[in-house]
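Just passing along the structure, written as structure tokens.
Order of writing sets the labels: A, B and C. Residues in every chain begin at 1.
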Amino acid sequence: MRRGLIIILAIILALFTFSENEIYKKDIRNRLVIQGIGIDLEEDGTYTVTLQAIDTNSSEASSADGASQPPLKSYKLTGETVYTAIKSVTEKEGKIPLYSQNRIILIGKSITKENMNDVIDFFVRDVEVGGTVYIAAAEKTAGEILTAKNGKELISAQTLENSIESYEYDAKIFATELYELINRYNSGSKDFALPLFSLQENGEEKSAEIVGTALFDNTEYREVISKNETIYLNVLSDEVYNTAIAFDGGKGTKVSLNIVKSKTKRKVTLTKDVPTFKIQVYMDADIAEISGGVSSAMTVKQIEEIKKKGEEYVEKSINATINSLYHKHNSDACGLGRLLYIFEKDFYRKNEKNIDSVLKNSLYEVDVQLNIRRIGHEYLSDY
Amino acid sequence: MITKGRISAFQFYVMLFLSRTLTTVTYISSYTKDVRLSDMLVQPIFRIIFGIIIMIPVYLLYKKYENKNLIDIANERSQGFSKVLSIFYVIVFFYFTVVTIARLDVFTGTVVFPETNVNFMIIFVIIFCCYGAYLGFEALGRSSVLSAILVIPAIIFILCALANKVDLLNLSPVFYNGVTPVIKTAIDSVGQTVEYAIIAIALPKVSGKITKGFFVWIFSQTLLMAILFFFAGAVMGNFASTQLFPFHTLASLAEFAMFDRLDAIFTSVWIMCAFIKASLLIFLQADILSKAFPKVRKTSFLVIIGVLSIIANLFVAGEIERFSIIDNSIIKIIVTGITVIIIPIIVLILQERRALKNA
Amino acid sequence: MVIFMKNNWFQKKVEEITMDEKESGQKTTVNTDLDFNVRYFKSQLGGSFDIKYRNCTVGDKNFVFVMVDGMCDSLLITEQIMNPIINADFSNVENKNIVYDAADRVSASIDKSITNDLDKAIAELISGNLVMFADGSQFAVLFGVQKFPKRTPLEPNTEMQERGSREGFVESFKDNITMLRRRVRSPVFKIETVEVGTTSKTRACVCYMSDRVNEKTLQKVIDNLKNAKIDTVLGSGYLQSFLDTPHPSIFSGVGFTERPDVVTAKMAEGKICIIVDGTPNAIIVPYLFIEHFHSLDDYLKRPYYATFIRLLKIASFLVSVFLPGLYVAVCTFHQEIIPESMIFGITGQESRTPFPIMLEAIFIHLVYEIVREAGLRMPKTVGHAISIVGALVIGESAVTAGIVSAPMIIVVGLTAVSSFVVSTLYEPVAVLRFAFIIIGGLSGLYGIMLSFAVVLINASAINPYGVPFTSPMSPTKLGAWRDFILRSDWRKMGKRQMLIDKMEK
């Protein structure tokens, strides 16, 4: 009797749960899998959100570049806030957006450091949005990139993501994930940097390429540094995994090095209330190419010379980047200000409000040590 | 009850480890200017010291009356006194049960099912926990060890997957706003630890090296806390302060092979710990009540506690303000202080006076 | 006369029977009148054609032999019993002593006993014994001459081993005991016989090794069998409920095996095995959870491989229980877990099916269970047809028609294969699988983990005969870990036999 009552109760509870219909709402068939989100701020204060989502209604995808990719569809949505704009896609598709598979968030030119907080608040609050989604800036509007077609196919968010992920092989890209952005945004200077996408047109063929790094240091507008400067921005941030550099090797040669490992040690000391940042860079590199130069065996002396030239070149480039960041653009995108916060907290507390000028007037000592590991298949001579 | 009797000290402290791990991993970050995440790395040291100090009265009672808990000792003095103590401890454990399940509700409603009514989940959780309590202390002890085999490797796995995201510069300077906020946080953390009160009551059911086990427990769970806070700070930095459940967010940042997020593993860990903790608390309530009122069956007490828990949690559920009222750290500090420090001292003093009188 | 007075065997038997009489009370005793005995038999057994009555007169002595045709060895009866009796000289033997003279001096049979209880004689008759009455005697002699159709011991289909013996139990408990005796040539191997089933009176042999068994456990097992209120026992499974713990659980603290080598190994660990007449499955008590992942092959192969196989079995078990439920939970609630490279495939496939994923999973698993059950019960001649139909129905056609999705078929296939790796756990796995599908579909990972915690604590509460079901993991018995998941080398394991007693709490 008792067991029967328990079973009946369980069935009733289950029926109630069933009847709520909740189980069907979030079923994967009722979800619109979003791959890319582009956000632009209009002059009237509304947001235009461009969504790129997987189109499950179309047939199997063909691909322009040989790799298979799912069929995509783009939506242009407007709303007073980012969330209301995105949510309006439910009216068009009858499906609930699934943010967890989102690969990239593109920020249009109209969004600056000042209103960045309004834009990313939704992504911070929502549980589905992963903190590891890449965030990038568009040279003009995010909408134009996410709706652009390469032939018949949309330029996919996956392609954009792959471009950013190539930072592991090429330090010309300053990759930023959402949680890193929030971390920097909530730190003292609130300066941050994002990779900058630009739409390139070649007849009917369009492509989105990273043309540099956008610095968000000014509340009103943003500034851009070149890809070459981005390499050294990554060096300063200790975010170089693998990259290539080329420099004048002397005697009419151009040397290309493949940097396989790079480690940057950063220290700060205070001398008479003037911070001195000591930046030590250790690089392991392989000689990839020497053009216009050696056709016979390399000598140890030659390698030493290349090494010395390389160190000088890197040191010079880092100094140029520091100059560009702190003196020209007034940006602490590489996060050196954080060193002050951690190691000289009293000084930082005293100068928190004018940290930008402190960093501008600080001293920077750069020391580079380059280690040539391999020289390729060229054989080495003792002479 | 299905099983009666004692469990080993190992099983008992594993149970308490999981129970405290739940509180740690569901740490709710309330961003204040005073305490930075890096300070949370240091507060465990103070926590250990405070934890050991507040357990001294219980330790003295244990040394003197090895097979008895506070209530048994009070019973020697007077039945009325022991009944009052029984009801008080039952209320304390009931409160912590409601808080545990309310936290589960907040977590579920925020993270797992943000758009779903989770009331039925609460009912099922409490029913399952009552069933766990019904099966007895031994079953709880054994299943704790088995759960720990899943929970600990899961946590280690998540942390290993985060290793490449650690950046020491994300940590903030320690004692940025002085030592006082850190000590306050440590006291708050001790207040959140109902396990001290559980030790005071459940000791007669445990056999083995209890004192040694206590130290191993307190050091291990403090170490776990420190490691988790380290990773939260070193990986997320200021981002952690913006998240309601920073450790869940931390798990969602972990990547392994083709899996971009491991928060599902975190959810599993969390639920197993919640089940053990809630079942243990419900068991202790029923056990205390059945000893105080032996004429009533233990199963009846389980049913009553279950029903009351459901009512209480349904009342709290769905409104974040009600949750923040009951999940108040001041209430917890006061309750822990009374249950672990004041009452044991009173009982100790009364027993000493009685012993002197008899002598 | 003098000879018989000196016959101690008969004297002892009479004394035993007299003692039994005093204890048992009223019974229908053997009458000196032969006709009475035969009439009583016929009244109890009716006119069954297979009950044969053979009258025999030797001199002036009358005998009646009663047997069940088809259960007795006719050649043995003829050569060792009837021929010697027919050719014997009973002229100097008194009527009251005739039966024991015939049994003891004349017949050559070794297996014999006497009784003065007619009901007992009937019970023995229908167990395949030959009953002999003699006119004027108050006792009947029972000759053990059973010979009925039985199987040759073959390798059991459900417990195949690569290196182990190819013998399996058969229906005859005597043959089964013989197989065990051959493996344990030691006087420590003991057997207690208990009759179970008020009508069937099935013999259950409780086997154990006296130097290592727990006496309390043994007595409890025997008491449980004796107190089992059941009418007929047609298989060892009937007794499972009586031997298992009263705590309701999806797992059982009682194990089964068809292999005599496994029974021997379990007895060597101090466990008790019950051989039930008429069934080739032996019962093992107590049976721990981890033993479901052990097989005899583990002990016949290298330790590293045995460990690998055990880990594989555990993984297969987890896959068979959780995979469908996890798939349903992930697709319904936790799509963020799905890797980016797989999301399109799964979404696209699932979009084309009409059912919600939970119902799809339940449907396809039900179809699988139907096909599996049909494959088990059907005649072998049509087995091929079912396998083809099953593959067509569940396979390509269903996917092409859009009834189920391809990922779901993969999940079902993997689950099905995994569930047979640990076949002894198939029952709980099949039920738990459905439960987790429903729970996963209703409440996602949250519900699955909560239910898993409940199942875990339920299993932890099982205490078959004082031994925790989850031993040696919890409570932790480090000494037993040499044969837990990792299997130590025999040089280490052989030093000290692991006993189930050590795992008692």
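One rule holds for everything that comes next: contacts are C-beta pairs under 8 Å (C-beta built on N, C-alpha and C of every residue); 3 or more make two chains touch, one makes a residue touch a chain.
Quick caveat: nothing in here was measured; it's all calculated off a predicted structure.
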Problem - Distance-to-centre winner among chains (Cα means, whole assembly as reference) - result: B
Handout entry: Greatest separation from chain C - chain, by CA centre
Key = A
Fill in the blank from the handout: Contact-pair count is greater, between B-C and A-C, for B-C
Handout entry: Distance from chain B to chain A - Cα centre to Cα centre, in angstrom
Key = 40
Practice task
Let me have the rounded angstrom distance from the C-alpha centre of chain A over to the C-alpha centre of chain C, please.
Solution key: 66
Fill in the blank from the handout: The distance between the C-alpha centres of chain B and chain C, rounded to whole Å, is 47
Exercise for the section: Mind pulling the residue numbers of chain A that touch at least two other chains? Expected result: 17, 26, 100, 130
Completion exercise
Multi-chain contacts in chain C, i.e. residues touching at least two other chains, fall at 333, 336, 340
Completion exercise
Residues of chain B that touch two or more other chains sit at 113, 124, 252, 260-261
Practice task
Name, in rising order, each residue of chain B that touches chain A in their complex.
Solution key: 110-111, 113-117, 120, 123-124, 169-173, 176, 236-239, 241-243, 249, 252-253, 255, 260-261
Handout entry: chain C partner contacts - residues on chain A that touch it in the complex
Key = 14, 17-18, 23-24, 26-29, 31, 33, 54, 56-57, 70, 98, 100-101, 103, 128, 130, 158
Fill in the blank from the handout: So, in the complex, the side of chain C touching chain B is made of residues 247, 330, 333-334, 336-337, 339-342, 443-447, 449-454, 456-461, 463, 468, 470, 473-476, 505
Problem - Contacting residues of chain B [partner chain C, same complex] - result: 2-3, 5, 7-8, 10-11, 108, 112-113, 121, 124-125, 128, 131-132, 135-136, 138-147, 149, 252, 258-261, 263-264, 267-268, 271-272, 275-276, 279
Problem - chain A-touching residues of chain C, taken from the complex the two chains share - result: 331-333, 335-336, 338, 340, 343-344, 346-348, 350-351, 353, 356-358, 441-442
